[in-house]
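Following are the structures in question.
There are two complexes below, and they share chain A, which is joined by chain B in the first and by chain C in the second.
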Partner chain A sequence: MGRYILGHIVQAVFTMWIVVTLVFGLVRLAGSPVDILAGELASREQVEALKQRFGLDKPLHVQYGMYLWGILRGDFGESVITREPAMAEVLQRSWASVQLGAVAMVFTLAMALPIGVYAAVYRGRRLDRLASAFGILGQAVPPFWLGILLIWLFAGQLRWLPAAGKSGPASFVMPVIVISWYAVAGIMRLTRSTMLDVLDSEYIKLARIKGLPEHSVIWKHGLKNAAIPVITYGALIFVGLFLVGSVVAETIFTWPGVGRLIILQSVRFRDFPVVQAAVIFICFLYVTVNLFVDILYSYLDPRIRRA
Partner chain B sequence: MTQPLLQVENLRTYFLSRWGTVKAVDGVSFSVHPGETLGLVGESGCGKSVTCLSILRLVPQPAGKIVGGRVLWEGEDLLKKSEVEMRRIRGGCISMILQDPMTSLNPVFSIGDQVAEGIAIHRRLKGKTLWQKTAEVLGLVRISSAKARLRDYPHQFSGGMRQRVVGAISLACEPRLLIADEPTTSLDVTIQLQYLNLLKEIQRRSGVAMIFVTHDFGIVAKTCDRVAVMYAGRIVEIASVRDLFSRPAHPYTRALLDSIPNLEEQVDRLYSIEGQPPALHSLPPGCAFAPRCPYATRRCDHEYPPEVSLNSGHMALCWRVA
Partner chain C sequence: MQIAIRVPAARVKRLVVPLRQVPVLPLAILLLLVLTALLAPVLAPGSPTEQNLGKRLLPPAWVGGGSWDYPLGTDLFGRDILSRVIYGARISLMISMTAIGVGGLFGILVALPAGYLGGRVDMLLMRAVDVALSIPTILIGIVLAVTLGPSYEAVISVIVLFVWPRYARQVRGETLAIKQRDFIALAKIAGSSRARILIVHIFPNLVPTLLVLSSLQVGAAIIMEATLSFLGVGIPPPAPAWGVMVADGKDLVVSAWWVSLFPGIAILLTVLSLNLLGDWLRDRLDPKLRQV
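And now, the complex of A and B:
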């Protein structure tokens, strides 16, 4: 078990190294930031001075070494606009995003798992058909359109909820719905179909033959088996939630999160250290979630533990 | 004779399908006495497994439905019991071994957990005593160093061992009737024999009655006291093993016995029954076997044959013996 976890941590570190290297390469492919910073009217001396400041006058491998060394010390450069450390800027803005993502995650699970399980248990009944209809809607309706519709209804017509910004708990309602909408539908459908397979299996039959009560048959013997594909898909979706959510929902609802920071400010003003820090941070989240999921697998499935 | 442990009377279990009502079990009656072994023989899809699942009221829902008959357990009708009462019966009084040991254990729970679960419910044991009893039960089915293997998972066991674990789960709470639904079909031939011997030995020690579902007459001869032959959802002949092998009355039984290859004879082709079993959603009005029966008359096609008692305990459904 310890070896399994250690192995996955080593893999995660390796993945992060690849990410960091890719980011290094991509930023350089996008052209020299100095041209943007200095502007067209800058003199040769000014350009040279800037190059020296960013270390761009040195050979590539030396730049790469300095870059890696910086990251290891937690130095991601500083924002071109605010002159603040880039990662500090990202972390400060990501708190609002993480809050939103966490609430959306809890909401998604609380909705999708029970509905999916009950839809499978009561297959073909009214609840199941209702859930199927919702599942199709959830995967067909684009989030940005849903967001605008919600604002029009709940903020415009009914005036129940604030249209934008982050204030009290009420301000979470619409962004969370927009972010979770797709995920609830997807996870619910997957939970339903895997549960159907599981409920049809021989070991469920044997569990009933033993005389186990139905709740134990479904929630213990059934769900633990159905959980593995659901978690795999769920983990992918959650990170997607964070990314899509932070870009689409934060833009629609002017949420002060990291998505809006990247799109609206950093990319538009070519604040490349902040873009770089944000991309690395999001990838870090992705890798961490995956590491967590791998460890969770080993708890759920003994066959993985030994592999 | 003593009072039967289980008495199935005119049991009918139907499945609703797109093609109509499938009469998987259509008026089955038989009884099992304490300590005896009843064989249930027939082709695939003749309703053997559905009969067994109907006794435990575990027919797949909502497609399957027990539409009539009685299942008397020590005189009480199981079909009238509440779900809570049924749960006490399942595993506690009547238990079942499923066909495929590779899929009938839950892959994500340890062997110990899966065996202990039933004991915890029916015997209300906890903690150390529960674990002790679990190891004991696994020892009963000859899992070596059972105590050390309690925390192992199904994938760490071989097929034969898994089927013994399934046996342990079923026998853990000392049921009085064990339904074995082709328990050896997916095992190696050598392991099959071992497993049958194990079941017989446990039966000798505990006196558990058995319903043994199989399509292997060799197993019937070795393990059963009486045999019921099923065809198209009905029992067409019931007899003691001796009577059935020496004086089969129903043409279907005879044909099945003729299909067993004989090592002493030299034949070019093995015997087989012509035709296909009928579709269970459109059974003929007369005898279901008539289309394949070499002795069929006009009457067989139109009228269902009566139950004919030949001698004590030997019954056949056929116009020919009527």
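And now, the complex of A and C:
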């Protein structure tokens, strides 16, 4: 167990290192890193200060060392636009993203788990067929397009929801649907297929023979055993989809979070220090959540726990 | 007499049933898509990039104010949406096929020998695959777009980065299973070289899996390209990529819904067809993959 966890921590650190190095390499590939790090509006003094700070007049390996050291201290340089520390800009917006992500996660589970369980229990009935139709169709609808259709319907035609920005609870509705879209379809299908396996097993038959009430058989004995693959594999699907979904949803609905910050700063302002800080910040969250899921998996699965 | 009648009937049935099970509609849509991409200059009524500021935001022909010169309407710059959707098929197919080709080939080339040889090589590969799978590729795409500028090559690279570990993992698993089989042992006894075993005996057995995986991954690649283009970090704007077109209509959707609607439908139909075809191939060729 200890070795298993250690192995995954090493892998997580290694993944972070690869990403950070990839970013370093791409900046150097682009030619003059000063232009990228300083932006077009920088004065001569600012450029000089940057050269000093990142050692841009020194050999490449020294630059790389200074870059890694900066990242370890959370120093990503200054925003080209505001001249504030880049990481501070990112952290300022992270709370809005976390709020949105948390609501989307609760929504995903609240939709996907019950529908998946019911679809398995009433296999082949109307609800099951409806759910699998949604699963197939849902995976072909690109979330960014769905978001625009939602704006047309709920903000344009019906005028029920605000089209953009973060205000009251109503402003969460459309972004949450966009973020959860793929994850609901994926986890629902996963829950259904795992529940089908579980419901077919001996201990479920035993629970029925014992005369336990049906809801206890399904929700307590059934779902509890189906939970391991759903949590672990589901979480892995989740993290990736949520990441892309958040960037897309925040961009469409002008949500004041990290995802929109990345796109706005990269596409419109080419504010590289902020983009870099945001990318590494999100990567860090992503890798950490993956690590956490792996450890959770080892804890839930006795075959690994006792090894 | 009865037997003579029954036999052909059974034979006919054997032929007819698979035909009926073939997903005709998805195949037809995909065929149409490929033809559209190939014949875009012939099929498109106009230029996909020519601007006509006097004809901005015309609605589709069947809506009041529309005209059959622009069957699906025009966008903010007066460009013909139908022509753009048609040319968009080229970009979508070219990018996704190239990326899947390169990524898939790389995954196969790495995983086939590693899976067969096993040992340290294999362990190293699996580590690399695990790391590659846990890198959020879309973020790399954004960094690539900011540093080197958005380009076709950048989009293809990002999709390759996304796709290769998925191929590698699948191919390696299959190779491990196939190398245990008797005919591989027999080939070894017969004196076949390693290269010959890999190419002649193992690779052909991977083809069904690769077909299934590819049909599903092409769909994923198309969505990925469209998402990057939509965000402004994919195909650079004047080009009629479907993702770019959806983004063009983003702020106009309440007044000019057609700008975003039609390219989105094109993505939806393409990916849906690919997924249905992939599901069907999987059930036919490789039931083991059903859980993936």
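Throughout what follows, the second predicted complex is superposed on the first by the 250 of 307 C-alpha atoms of A that agree within 3 Å, B and C clash if a C-alpha of one lies under 4 Å from a C-alpha of the other, contacts with A are read in each partner's own complex, and residues count from 1 in each chain.
Please note the rule applied: a residue touches a chain if its C-beta (ideal position, glycine included) is under 8 Å from a C-beta of that chain, and two chains touch if they have at least 3 such contacts.
Model, not experiment: these values are computed from the prediction.
*Asks:* For A:Tyr203, using the defined touch cut-off, is the partner it touches chain B, chain C, both, or neither? Pick first, second, both or neither.
*Replies:* first
*Asks:* Report for A:Pro142: first if it touches chain B alone, second if chain C alone, otherwise both or neither.
*Replies:* In the superposition, A:Pro142 touches chain C alone.
*Asks:* On the A-aligned overlay, A:Arg270 touches which partner chain: chain B = first, chain C = second, or both, or neither?
*Replies:* After superposition on chain A, A:Arg270 lies in contact with chain C alone.
*Asks:* Counting residues of chain A touched by each partner, does chain B or chain C come out ahead?
*Replies:* After superposition, C is the partner touching more of chain A.
*Asks:* Under the stated touch criterion, which partner chain does A:Glu45 make contact with: chain B (first), chain C (second), both, or neither?
*Replies:* The answer is neither, since A:Glu45 touches no partner chain.
*Asks:* Give me the intersection of chain A's contacts with chain B and its contacts with chain C, in residue numbers.
*Replies:* None.
*Asks:* Residues of chain C touching chain A in their complex?
*Replies:* The touching residues are 127, 130-131, 134-136, 138-140, 142-148, 219, 223, 226-227, 230-233, 243, 246-247, 249-250, 253-254, 257, 260-261, 264, 267-268, 271-272, 275-276, 279, 291.
*Asks:* Residues of chain B touching chain A in their complex?
*Replies:* Residue list for chain B touching chain A: 56, 58, 62, 83, 87-92, 95-96, 98-100, 103-110, 117-118, 121-122, 153, 155, 166, 169-170.
*Asks:* Which residues of chain A touch chain C once you look at their complex with the stated criterion?
*Replies:* Listed in rising order, the residues of chain A that touch chain C are 11-12, 14-15, 18-19, 22-23, 26-27, 29-30, 36, 136-137, 139-145, 148-149, 151-152, 155-156, 163, 193, 240, 243-244, 247-248, 251-252, 262-263, 266-267, 270, 272, 275-276, 279, 282-283, 286-287, 290.
*Asks:* Which residues of chain A touch chain B in their complex?
*Replies:* Going through chain A, the ones touching chain B are 123-124, 201-203, 205-214, 221, 224-225, 300-303.
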